[in-house]
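Here the structure comes first, spelled out in structure tokens, and everything after it is commentary.
Read from first to last, the chains carry the letters A, B, C, D and E; within each, the first residue is number 1.
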Amino acid sequence: MLKLVKTSSRKAGLPPGSPVFIGERVTEKFGLDMVDYDAENLSLSTPVRLDEFRLLKETPSNTWIRVHGLHDAEAVDRFCLEFGLHPLTIEDILHTGQRPKIDHYEEYLFLVINLINYDDAAREMSMEQISFVLGSNYLLTFHEKDDDIFDDVLARLETNKGRIRKLGTDYLLYSLLDRVVDNFFSVLEKIGEEVEDLEEELIAAPSPETLQAIHSLKREMILLRKSVWPLREVIHGLQRDETTFMGESTRVYLKDLYDHTIQVLDTVETFRDIISGMIDIYLSSVSNRMNEIIKVLTIFAVIFIPLTFITSLYGMNFNTGASPFNMPELNWYFGYPFALLLMAGTLLSMLVYFKKKQWF
Amino acid sequence: MLKLVKTSSRKAGLPPGSPVFIGERVTEKFGLDMVDYDAENLSLSTPVRLDEFRLLKETPSNTWIRVHGLHDAEAVDRFCLEFGLHPLTIEDILHTGQRPKIDHYEEYLFLVINLINYDDAAREMSMEQISFVLGSNYLLTFHEKDDDIFDDVLARLETNKGRIRKLGTDYLLYSLLDRVVDNFFSVLEKIGEEVEDLEEELIAAPSPETLQAIHSLKREMILLRKSVWPLREVIHGLQRDETTFMGESTRVYLKDLYDHTIQVLDTVETFRDIISGMIDIYLSSVSNRMNEIIKVLTIFAVIFIPLTFITSLYGMNFNTGASPFNMPELNWYFGYPFALLLMAGTLLSMLVYFKKKQWF
Amino acid sequence: MLKLVKTSSRKAGLPPGSPVFIGERVTEKFGLDMVDYDAENLSLSTPVRLDEFRLLKETPSNTWIRVHGLHDAEAVDRFCLEFGLHPLTIEDILHTGQRPKIDHYEEYLFLVINLINYDDAAREMSMEQISFVLGSNYLLTFHEKDDDIFDDVLARLETNKGRIRKLGTDYLLYSLLDRVVDNFFSVLEKIGEEVEDLEEELIAAPSPETLQAIHSLKREMILLRKSVWPLREVIHGLQRDETTFMGESTRVYLKDLYDHTIQVLDTVETFRDIISGMIDIYLSSVSNRMNEIIKVLTIFAVIFIPLTFITSLYGMNFNTGASPFNMPELNWYFGYPFALLLMAGTLLSMLVYFKKKQWF
Amino acid sequence: MLKLVKTSSRKAGLPPGSPVFIGERVTEKFGLDMVDYDAENLSLSTPVRLDEFRLLKETPSNTWIRVHGLHDAEAVDRFCLEFGLHPLTIEDILHTGQRPKIDHYEEYLFLVINLINYDDAAREMSMEQISFVLGSNYLLTFHEKDDDIFDDVLARLETNKGRIRKLGTDYLLYSLLDRVVDNFFSVLEKIGEEVEDLEEELIAAPSPETLQAIHSLKREMILLRKSVWPLREVIHGLQRDETTFMGESTRVYLKDLYDHTIQVLDTVETFRDIISGMIDIYLSSVSNRMNEIIKVLTIFAVIFIPLTFITSLYGMNFNTGASPFNMPELNWYFGYPFALLLMAGTLLSMLVYFKKKQWF
Amino acid sequence: MLKLVKTSSRKAGLPPGSPVFIGERVTEKFGLDMVDYDAENLSLSTPVRLDEFRLLKETPSNTWIRVHGLHDAEAVDRFCLEFGLHPLTIEDILHTGQRPKIDHYEEYLFLVINLINYDDAAREMSMEQISFVLGSNYLLTFHEKDDDIFDDVLARLETNKGRIRKLGTDYLLYSLLDRVVDNFFSVLEKIGEEVEDLEEELIAAPSPETLQAIHSLKREMILLRKSVWPLREVIHGLQRDETTFMGESTRVYLKDLYDHTIQVLDTVETFRDIISGMIDIYLSSVSNRMNEIIKVLTIFAVIFIPLTFITSLYGMNFNTGASPFNMPELNWYFGYPFALLLMAGTLLSMLVYFKKKQWF
């Protein structure tokens, strides 16, 4: 299940801008993947010495560096300082579990977003923070894990498909964000299926586990929404950005991306509404079940209580010899058949009563 | 039932602007219906070769082309490219299940809206995406299915009724949108009847099926609202549009259309409120029913338990011969009548008790 | 009960601006009442020929024409065209059940509002659409029925009370709107009394009918709110109006009217909140009642079950002659009194138990 | 209890600005208290003739006139006209139960606010409308009753404490409003205590009366909120006022007053949230109680039903002489002890069962 | 538990700006801690005479004075007057329980915030008001108690870590606020753990105490939110501040701080949503439990009622000698085995019935 809060108490008391990693310490090595490209060429080599990165900033070609393994805070810090990132930026990169946001620095744009993955087997969501630093001709992406979310964008770069090689790192950033938003759609699709499964389960055979599932779905929606609302702001901020990092030609794509984000949000809200309604259905089906049980109890009790009364009546030990008034029925020739008929009559009138009350 | 999410995972990973059809593959052929008209003339012929369309753009007459059968993505793509549409526009046309929106391009306005139909027999809503491309003297509409929603607008064009032939494609666009909004009213009217039917059912004979019906109605309201809210924004955007696609004379009609959309929204919200209240009524009527059952059980039990106790008492086998204290009642002359009177008295006091408690 | 939606499907497919009457066809004749007045004179005659109305527009005196009997769409249409009203205006006048709104035309202001009446006997609200057309020196009002809502304003005109004769048709419009808002207060007052009646009923003797009443009250609040929210916008629009139809001296009165509308809205919202709370109270009182019933059942069962067990015990037929262990109690001298004492003791301890549990 | 709506129907149909008193007719005489002061002098005399008031407006000293006993509408009307108040102002003063508001007139500022008092004994709130008219060197306050809310401000004036004598009537107005807001704090404090009392009662011994108390508290919060929200707007309006009635030096105090009003609002909203939660607690404690009762019933029934079955079994009258199969137990030497042991065993296994189910 | 309202009635009636302490009177001495620093030097001495403070304002070095022990209102008042603070500022400092706010004075900025602490042992939150006065080269902080919240910031000053000594008091203010916001994260982390504990408890073994815990958590969230919402406004106000108190270089840090505050708010809202959902789960688990109990009762009753009826039947005392119709079964050779078999058959069919109803 998604953690509600990341352990950030480790940081409390440190000066602002301290490079401390906050997050789950996945045992993963720090690593860099670099792509250097322009419309004609593309190379995948990675420099060994950190100061070579500085030279890259001067070349006219576009550079995308993908950094993963954030728990090695020191290595990330050194790499970032080489690119001249602000201490607050480095802190935000390392302190995962941030709220998505966009920060405008003089030399670069800084974006934090949350990537949501849905594990089909466990029917659970997991969240990863991805940070983007967009400079004039470079783009840095920071990943908690060595995920493969951007592999198909890389493939498009390599195969020179579409207009991705012709345009700058701003279009690359857009392509990556588009990939992230598409991923939200995939997650929502799976959740949509789960919602529909639960709706059927609710009608067919609701159990306390169904309610558990609804509750955890609702909780996931709450956390999903917490990731998407600020993402919307981030993309809106990117769209209205007045710096020169986002080119004019990319802006029309951002409008489209923004519309998609709104659609994700709409769907999240719709799911929330539907899931809320499911709890009512569940509670009411529990009531119905209790009703059924109590009805069975009542029918049995109401039928047999008078019958048993009659049998008890004729089980009394009044001395029939002491007086002609003392239970003469016991000595009647048709005493027993009379009693049985009495009971049959009682039974019948009960059944008629229940029929009238529509209990059958 | 309306699908919550369209399968869009097929698209994830493709470059933005890929012409892939997303939606239910209705087995329908790709088709074009063309109307070319001005105040005097109207022709219904459709060119066979795609490049003839390009010539149409140069003629002063107005052209309305209705495209249906979107699942043939390739044919749609070819047609759209002929009209110089942006790849993102083509993607949005093909990727049905979009959120209604308006996009401003240099050469045309692009609108996506959702048409809601209500199937009387199945008491279910269905949704179809319709896209509009409004150029200076042409209007393209893209339909998932070969629906007949715009047939009466076409009839008006043909019969030259009202001012539709005198004005440009902007007024035609308004007329089509007006038709779509009128369709929402028809749907709401039917839903209103269903709501009123359900309200009566709730009072007369509520059953678990009633709750199911309320829930699915609520769900439909959620999805309807999801279509109408952005439609409102679209029409508002059209109204405030500063390009030259929308003529000044059409703008006054858009204000009216906008008011109608607000009225649709108001009605949807009202229905949502009323439906929410119905769930309370349902739950309470279930409680009332349970109350009734438990009351019957209690009345029977409380009446017969003391009576049966008395009969059991005189069914004890104490040896009346061993002592004068051992159940002398059994040998009394009026023992049995005494016992019967005791029971009748108990019964009477129980009935008085229930009367006082107002259980009858 | 108020209809949720007016039948507007009759209109779907017609060109925008078609003069078709939508609403309940009250069998009422089309009629006109005309008042022509200035500070000195007032006449109540009505011209017979429609073209005489055109002349009226040129005279400097103020003219108020009250049109009722809208179901005669043709007559209304002819009358409106004589005054040069826009087809959309005529459509809105005839298509009752509109959302209150204000439209600015070059030659006149057009207002639609809903008048709510409360039928004391049936404890039901009814709604009537009233449309206003304010020209430079004339005011037209369109009524579904021949209602008497504006009779006291007319009386003020006739008796020349207050400043109504001295000021123009804009002040007359204000006076009529003020009358409509005052009417809302009257309705709210009656509903307030009903709410207080229901609150008392809830405490004294809640029944399923009480819930029905709460529900229908809630529904009325929803529909009332739907009429008042846009009315607020209409009056706000009138206040900020920059055309010359509303004189400066009337504007200060509009501010006051606006405040009253806000007060109406506030009260509606307050009622909604209070009514929502009442449903909780109702449900809880139903639970309490069920509790009471189950408590009675339990007390009876728990007292008599052990007693009946004892009687059953001594009703067993073990052969006391076969062994000294077989139910020697039956042959004791004080066997029966012993059994009675045993039962009395059980009864007492039960009563003590219930006392401790505070069930009495 | 606070009335939901004041009877305003008496006014419907009268021309706007009619001086009619709307409110509860407390039998109280019309009265005036006047204070005339500047930094050096202060006098408490009240002129007898109304036209003397007009002279007061010309003197440079500050004048505060407190008017009470509004039900004498005619006297109030005459007094107000003497001060040149607008008919709408007079109407608002007399028509108590107004929504708090601020009106800007050329010659004065007009404020209406609601004073809330809390009656400790009856645990009930009552509301009084106070109207303020702030001219350049005079302040009029209109009170429904001869209340003592402003007595300590008067005392401060008389004893020349703080800066109140040095500054103008605008500071006096601020001081009075500050007194009103402080009064809200006192009311909230008492309600806070009541909330905490109720929370304890909820845990210790919830009864239907507790729910009644919660409901009436909720209702009071709704009405309190209805008074405070517009008060906030009034003070905000005063703060942003661009006329010369509010001096620059007083404005800093208004900011502080505004903050206090926000704090009152915050507290009201917090109470509302907490009270809403209490209803859940109540309903759940009712359920718990019902659970307890049903558990007791079930334990008794489930223990005794099998026991009674055994005793009934051996109460059957099969003829043991007719066959060795017919209830030989009855003739066993240890027949009765065997039956008793059987019952003890059943009892024990029941107890073990309940233990396992954790019902003890 | 957090008090809902601080006792402020003591103040009602006093002139605005009266230096009266409102809050819990912790028996703590008034005290001052002073730090005087610039990039090179730092001294911790505190002047004995109040007028020495005035000289400090003229020195170019930065001064931070931490004042604690507010209940000594007179001492605080004297100290504040020495620094030229406005009476309203002094009132706000002493009147703890303020809503967080920012006030702009000509000579200083005044901030009030609430510090929330979480007591691990008692699982309770406590609140302390901290006020800040930021002048051009001095910062005053006022604490209710002698807390240690800012000790690590002081340590950073002393050890000259980070850029804190190089920058002015505005950066110091930021560092302190950052510490306060970090503290919110710590509190939320602990509450997050509590929420997760409660969620597990809800599934495993819900008890009325669980609901109590949920309710008090919900209440804490309400109060926490009441502190954080205005804090957000305060930091936003600080960020947009146009005076010269906040240097340009500190502003970028404020943006970061603002983002953190939004994240705190988001988390509080998320917790509120999750906690609301937990109440549904609790209520439903209570229903489930009741269902279980009623099911057990019903199974026992429904099984034994017919069995006991059969035994009662053969316990009737009809005289078998009087007629061959009178209970011949009693004299059958296999009478008793027949009765036992009859009962076994009834038992079996009951079990089959329950199996079919899925009650096992």
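Heads up, the rule we're going with is that contacts are C-beta pairs under 8 Å (C-beta built on N, C-alpha and C of every residue); 3 or more make two chains touch, one makes a residue touch a chain.
Remember, predicted model here, so these are calculated numbers, not experimental data.
Simply put, chain B must spin 145° to overlay its Cα atoms on chain D, rounded in steps of 5. Here chain D and chain E face each other with different sets of residues for the most part; under half of the interface numbers are shared between them.
Between chain B and chain C the centroid-to-centroid distance comes to 25 Å (mean Cα coordinates, whole Å).
Centres computed as Cα averages put chain A at a distance of 41 Å from chain C.
Residue positions of chain B with contacts to 2 or more other chains are 283, 287, 290, 294, 297, 301, 305, 308, 312, 315-317, 327.
Taken as a graph of touching chains, this assembly is arranged as a ring, one closed cycle with exactly two partners per chain. One ring covers every chain here, and the order obtained by setting off from chain B toward chain C is B, C, D, E, A.
Across the complex, chain C meets chain D through its residues 152, 156, 161-162, 164, 174-175, 178-179, 182-183, 185-186, 188-189, 192, 195-196, 203, 252-253, 255-256, 259, 262-263, 266-267, 270-271, 273-274, 277, 280-281, 283-285, 287-288, 290-291, 294-295, 297-298, 301-302, 305-306, 308-309, 312-313, 315-319, 322-323, 325-327, 357, 359.
Of all residues in chain C, those touching chain B in their complex are 3-5, 7-9, 11-13, 15-17, 86, 88, 92, 98-99, 101, 103, 208, 211-212, 215, 218-219, 222-223, 226, 230, 279, 282-283, 286-287, 289-290, 293-294, 296-297, 300-301, 304-305, 307-308, 311-312, 314-317, 320, 327, 329-337, 339.
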